[in-house]
Every structure is written in structure tokens, then in C-alpha cells.
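Look for chain A in each of the two complexes below; its partner is chain B in the first and chain C in the second.
And now, the complex of A and B:
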């Protein structure tokens, strides 16, 4: 590879690039011309400084190593606005997802919230924990008080399938 | 005094009217693709055309190109039939190796004097066999191949010469420069075409209109020392690269590093050299971005997927029909685009080039180790424009190109009646725009030529 990033002293990784390509359904998802429209509307950028167009550019040039190790790819909130709005039908969301997959494969550090979400699904079958709600009268209520039906917890069968799927990643 | 008398008086006061007969012939200056298109359009409409070309062959810049964007057709395959048609057209008088000496007169009746330089080979006798070339002992730099190859002192201008007649370089030829009494070509020529006594000839003719389509020049990048052109062998210009890509070019169509002679693995294109640069020329060269894309796609086709191709650009301007799709094609072929112009090119003794570029979208400084750097030199006005401007009384615009009468409403005409402009001498443009302007200028000329008489005011 003849390219060097002098700012971070990084070299591009061709194998990782091929790996990302393998995880994407089409190469079109990487065909970005850097209009930065995705970043302009990115939910995660406003709070967490995720720059989708930069991620695509870095992937295209092969600077993937640092991306996977950094926590920035985990800040995407999967709102899919970038995919919807991209004038070139590229998709930073799909690229970020494949980077996350590679990160998990390489056992890079995954933020705790994601691990929590997994155990949450195992326990309750839901992405988020069931929370109590505060009403206008400053009363804290739960489902029981509101006469809502009880949530079914996942069956043992589901848990087995889910755990098997996790192993496969 | 009654009304009639007043009118009579005023008519006598007005400058006297005179009419001139409109000649049914036209002078076309320059034999590039624009001049060829103008000549064919006018000749097919029945007008007599004098096509004057300075070089020994017509074809111009387009003949030097490998392929054209965005269709990727072979350039010479498109041009050659037109060149042959010009040479064989009964209404076209093709004057190669010829320059304009003097222009006088008014629209409808210009008196033109041209001077035909000797080529020391009789155009009517030469059969184009090329037997004289192989026997010539003197090697000279090949101008058509941008000096990348050597040719002989007697040679064809290019492999695609029209007319297919050899020319002797009088400065390098042993006999003509008076060094030796060499007669090798004279003996080799079976058609008896070689004539060392040939003298320059002056021709005079009258034409109704003049169309200037002398084309433009390409920036000489050695004026920009930071890019290393002229210092480093592996830094080459885009026209040189076109010749390298051509199957009949100096390397037979193989892409090779000039220093090591090996196939390059990494090629870097640098945009906007000499243009969009207030130190040299402020205008945009109009074709550079697309030339970059075309050459990058050709490199991908010739060297396969292993070659690393980088285009360092400032803005990517893909504005024409099919151009954006062409840009998309380059991206899908894995050409890397770096937003940012390299500040300088450095070289190691083994010929590896170090190109530092600050990527605008990443906000990072990147360094490339390139085997070959191709500079996209801009289209610039010719030096001869000063002389031409004086000769035809056609003004120049601030960017140095020839000035049209009105940039929006009269793009084909010069401010001088009966003199029309077409092609890159009016401003930088690609082949399609040049051909469009050629046909436009030919149509405008026909408006003038189809009149029997043209009124001129005699003050």
C-alpha cells in the first residue's frame, strides 16, 4: 500500500477493506462523492460527533483499523436518515454496521449499553428494560397500576435460538 | 423648402453607399477537429474552402489523444475518416505547412496572402511509402510524441498524417543544414519526390469569410517547480500520458515508468495544473477533470485491479451529457479521489515519488508513494494569438483567448464582420463543444456567403 496517513501515522489495510466489501450487499453502498449531506442530518453527529461521510472515505481508502478500535462507530443510532437521503444511494449506516460486525468478530471493546441490550433481550425479549413512568401528578406508576396486560417473558426455546445466533457472529 | 427637398439634401449629406460582391469562398485557419468540421460543413454546402494548417498534417490535438470521454471511443478512429474526407473533397483546397502572411479587405471580399513553407518533398509525387525514413541517418526528437520517441530528419508528422507525405526537418537534415552531401533519401525514393531545391511559395486568393480555429496550447508544467515536472522523470504531463496510452505511441500502449521502465503500481493524477491559478491562468481549463477520469479508467483497464489510482482534485467538474455517469463509472472502478491539491512532489533517487496531500473531507495529511505522477495541465492561449490578433484585427479577452462578439448571443462571430471564431481559440473547451461551435460558425459564415452582394459604408 502506497498511502500513509501522516496525521495518525496509519497505513491502510487492504484485507479489512475486502472484509467490509464482503459484508455489504453491493459496492454501491460505498460510492460516495463527499457531499456531506449525511453528516448534515446525522442524529449522532449533533450529540456525539459521528461523521458518516468521513467514515465512508476512510473505509474506501482502507484506514479501517483505527475506526474499528475507536468507539465512534457505536454512536450511530440507526435512524437510517443517511441511507434515505443519500443522493448517490450510498449508505453510511450499512458501512457502520459491517464495521461493528468486524469489531465484534475481532473482540474489540463493545460499549456496555450494547451488552446490556443483549442480556435484556435474553431476559425479557425486549430491547429496553420496562421502566416506571412518572405522570403529570408526579405519581410513579408501573404497568400493573395502569391495568396493562403482563408482558410474556421469552420461552426457553427462544433463548436457545438467540444464544445460538450470538455464537454464530 | 418642402419635405422632398429636405430628404434629397439629407441623402446627399449621408456617406455614399457602396456594395461589394461576396466571394463564394472561405478561409479556414487551422486544421484540427474544429477546422476539419468547419471545412466539411462549408464544402458540403457548395462553398470553396481554403484550409490552412501550419503543421505538415491536419488532425491537430485530437490526433494525439488516445481515447475520448465519455464514450471511450478511440480518438483517431473518429478523426481519421474526417481527415481523409477533407483531403479528398473537391471543394477543399488543403494547404499544409502553410501560414497566413497578410489579410486585407472587407467582409465578403478579403484578400489573403499565405506562405507555403517548403517540405522538400513533392506532395504530388510522394506515394507515402516511407522508404526514405528508414535510410535517414539523423535522429530527431518526435514532436508528435511529445519528444518521448525519436524519429528521423525525414519523416511523417504522425502515423496518421494527412496528406501522407514525408517532410524534411531542414535544421537537422545533413544536406539542408550544409553539413554533409547526404543523398540517402534521394536514392531510396522510387517516386522521385524528394526535392532539396524546393522554395517557399506565396499564394494569393480572395475569400468571402474567414473562420479562425487555430486551437489552444497546453500549459508547460516546468513553470511550476513544486510539482517537479522536468526534474523528475516519473512526473509526466497529460498529453505525454495520452501518447503513452496510444497503441501506436512511444511505448506501444504499455504504461511504463520513464525512469525504471517498469509497470507502475501506483499512479497519481494532479488536477488544475497551471489553470485556476492566479500566478499563471485564472480560467478553468474545462477538460481536465474529465481527462483525469478518462485516463484513470484507461489505467484501470490496462493494469487491472491491482493498480492503485489516485486523483487529487480541487473541484470535480463533470458538467456535460454523460459526464456525471462517467465520474460514477470511475468511482465504481475503485479510483480513489482525494479532495486536495498536493503542495509538492518529492522524489527518492530510485524514482519513487512522495506526494503529500491534505485531504479536505478527512482533515488529515496523507502521503502517497507513487511510481508515476500525471499532471493535468490546463488548456491555455497560444503565444501566436498576439500575432493573429494583429493580423485579423480580432481582439483578445482578458484570459488571453480570442474575443467573441458577444459571449451569450454571438459566440461564433468575432467583433470584425466576416471573421468567425470556433474551437479552443475562443476559450477552452472539449471536442464535443468544439465541433458544435464549428458547425455553428460554418452556418453563420453561410449566412454571409449566401448573399450576392454586401453593402459597405464608405466614409
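And now, the complex of A and C:
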């Protein structure tokens, strides 16, 4: 089902529209006039049919629930071409980010890897566990073997405040 | 000069060669790296989950940098560099947000400062060290070698805030490659994305981006691809084999961090530069460089 098909059966949600606006910084206002330069430069358009100017239009029309449910918002590669090219200083990248945030809040379809990264941060402060890597000679090495200094992990305080920040600043 | 340094998760937990080679080459230019008291995620990946929490994290990194009382912070990862720079911009534009973030930091007696200069390896070497200084330090000229550059999307965009280089035609990394005596070849796919961000949601699509860029590069008969971003390097070097399987055509492209190539030209031992960790077929090229008559 394309996004355009979605709009035929969807109901706009004004509350959620305000919520998206609330998550955007002043410079990222939705002053889009549908020139589609963003889509012209979009990496994910060619590959996964992400259409940034359509996303903006659907947000402005209030079809936010459908966008969140469709999963299309997770195809953005964050190359920032759309933000760069927009003559109106709108930023599809940031609009998509806001939609992702709302998807998380509403416990919609969210790729597991993102949530895993957050729980890893709550554990160690870093988004991924330390990897042992193999050299070309198939020797397994870690930071110590490579003469790299020990990682200085963040304090428990950081984790507590991060958790608080996740609940909303 | 002293330079505070923030590595970010990917370098600290897996892309060790970038850290090793950076720690090797910068002191040769009189730079002393000062690690922050603590390391944590800059907030880049958290932005998709909760943007305000990601702003807090980036602000905390900047506060930790402030604690060193150094005004210059090196951030070798393009994604971290973007997140920290964007947080500086957002906090400068929104006093209320700044107050809220400052209050959170104050709980740990940390202080945010807006005047930290965030540097990437590429602009630090290009703008501060300068290509002439680099040329002077080269012991093995890479004359006759042909490389292509990949600087990384988030290092150059969006241009309405301060970025490492221009968004449409970045040249600094190319000048840095040329400073080693090598040629930096222009190519149509130069701005194409590595696909790393998709590894969290659509890994096959991400790898196909990696594969198609490498395939295009292969036709240029290069000695290698030179990058300066741990996410890009993870895709082009570490995951080159996986990308081969996805696009169904043989990929065999040597991929170096710029700091590794610089180290080779300065005759630093390959082991110190982490070259044993590169997964792409770099041996022929690194040996060829080692055997060049100085």
C-alpha cells in the first residue's frame, strides 16, 4: 500500500500534528511547498521508496498515525541531503526523527536495534558492547592487546539522569 | 597544542584502527590528545528514540570537554561530530532548552559551555595543521598512487551550520590525500551514502548501498578508498564481504582510514596503525608503500 493510498482511508489527527510541531526546533518548520528537491536527493528513495516531500505533506494533513504505523519512517539513512537541499529550510530528516520519537512513545512498530542501543547505553553508557576483533592472521585481539587505554565508563549518575531525560525534558 | 578528544561508541568498541592511527599521527604534529573523564554515547542513535534525551547526552559530552578547560575538542566520528554541532546550534537558538539541559547537567555539577570548538580529523588536519606541514612530515611519497575519498554524509551536511567541509563538493580530504603525494580521483558517486544507518532497520539495503559505491569505485582502477568516518569504514572495509554477497559481484577494494595512510607515509609501523585489523585487501598496497624508495 502506498502512502497516497493510506490517505484515502485515514483520518487526520490534529493533536498528533501539534505534537510533531512541538518536537521540531524553530528552524525546522514545515514551510514546505512541495518542490520535491528533498526526494530528488534522497538516498532511501531509490532503494526503499521513502518519499520525503510526501511525508511532509501527510504530516501537514495530520495523517501521522498512518505514517507511524507504516514503518516507512525507519527507512531514512540520515544522509541529510533533504535538509541540505530544502529551499524553505524545512527538514524532512528532523520531521522523520520526530515521527520516530512519537512511534516510540506510542509503542508502535520500532526496529528492535534502536531500543537495544538504548538499553545498552543504560548498561554501559555506550550504544554497543565492546567487540573483540580478529586480525588478518586470525588472532583475536581486544583494546588491551592493541595497547589502547581502558575505556572510562560514565558514572551511575549519568545513567540516572539519562533515564530522567528519556522520560522528557 | 593540547586537544581534548571524544571518540564515540563505534571507535571505542570496534573501529580500533581509527583510534590507534589517530593516537599515532597527531603527536607527530605536536598535538597532545587529552581524553575526557568519561565516555558515553553522543546521542546520535538516541535521537531516533528521544530527541531531547539525545540533546542532553551531547550537551554532557560538551560539558565534559569544558571540564578539561581546553577550548578545542576533536571528534573523529562524523556522526558524533554532527550530533554535537547540532546540539550547540539548538542550544544557542533556544534559551529555554538550554536552561533545561543546564539544569540536568547541574545535578552532577557539570557546566555546559557554548564556546567549545568541535573539530573533525579532516578539518583539524586541513585547517589547523595545514597541508604544507603534512607534506613536510611525509617520509615516503605516495606519488603514482591513486585513491578516492569518502568523508561521510554527516560531516558535511547540513551547511546552514558549521560543518567540516562543503556539502556538494567536499575537497579537504582530497587535499590531504594529495599532501601525501598521491592523486585523489574525483568520481560521480563521491557523495553517495555508505548505508551504515540502515544497519539498524534494513541491513540488506544498507549493504547494497555500500556495495554499489564500491563497485563503481572498482571501475576506476584505484589503489584504494580513503575514509574518515567509523561508520563508513565499518561498511566499506569491515563489511565489504557481506556487501559482496548482497550485490552479487566480487568486491575487492582496499580501504584505509586517512590517518592510517598518513601514518604509512610517515613510516609509522603498520601494527601501530591498526592495519592488521582492516578486513579489506590492503596488504598489497601497504607493502607497496613500504617498499617505495624514500
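Everything below uses one rule, namely that the second predicted complex is superposed on the first by the 141 of 169 C-alpha atoms of A that agree within 3 Å, B and C clash if a C-alpha of one lies under 4 Å from a C-alpha of the other, contacts with A are read in each partner's own complex, and residues count from 1 in each chain.
Basically, contacts are C-beta pairs under 8 Å (C-beta built on N, C-alpha and C of every residue); 3 or more make two chains touch, one makes a residue touch a chain.
On a predicted model such as this, the values are computed, not experimentally measured, just so you know.
Considering which of chain B and chain C touches more of chain A, the answer is C.
Contact with chain C, but none with chain B, is seen for A:25 once the two complexes are overlaid on the shared chain. Of the two partner chains placed around the shared chain by superposition, neither chain B nor chain C is touched by A:108.
Judged by the touch definition given at the top, the superposed model places A:34 against chain B, while chain C stays out of reach. In the superposition on chain A, contact of A:165 is made with chain C only, not with chain B. In the superposition on chain A, A:126 makes contact with chain C only, not with chain B. By the touch criterion defined above, A:80 lies against chain C but remains apart from chain B after alignment on the C-alpha atoms of chain A.
Where the contact sets of chain A with chain B and with chain C meet, they give residues 27. Within the complex formed with chain A, the chain B residues making contact are 265-266, 308, 310, 316, 327-328, 331-332, 336-337, 339, 356, 359, 361-370.
Residues 23, 25-27, 43-44, 47-48, 74-81, 83-84, 89, 91, 97-98, 100-101, 104, 110-111, 113-115, 117-118, 121, 125-131, 133, 135-137, 141, 143, 146-149, 151-155, 157-158, 161-162, 164-166, 168-169 of chain A are the ones touching chain C in the complex.
Chain A contributes residues 1-8, 27-28, 31, 33-34, 36, 53-54, 57-58, 60-61, 88 to its touches with chain B in the complex. Residue ranges on chain C touching chain A, taken from their complex, read 9-10, 12-14, 16, 19-20, 23, 35-41, 45-53, 55-57, 60, 82, 90, 93-94, 97, 100-101, 104, 107-108, 153-154, 157-160, 167, 192-193, 195, 197-202, 205-206, 208-209, 274, 276-278, 283.
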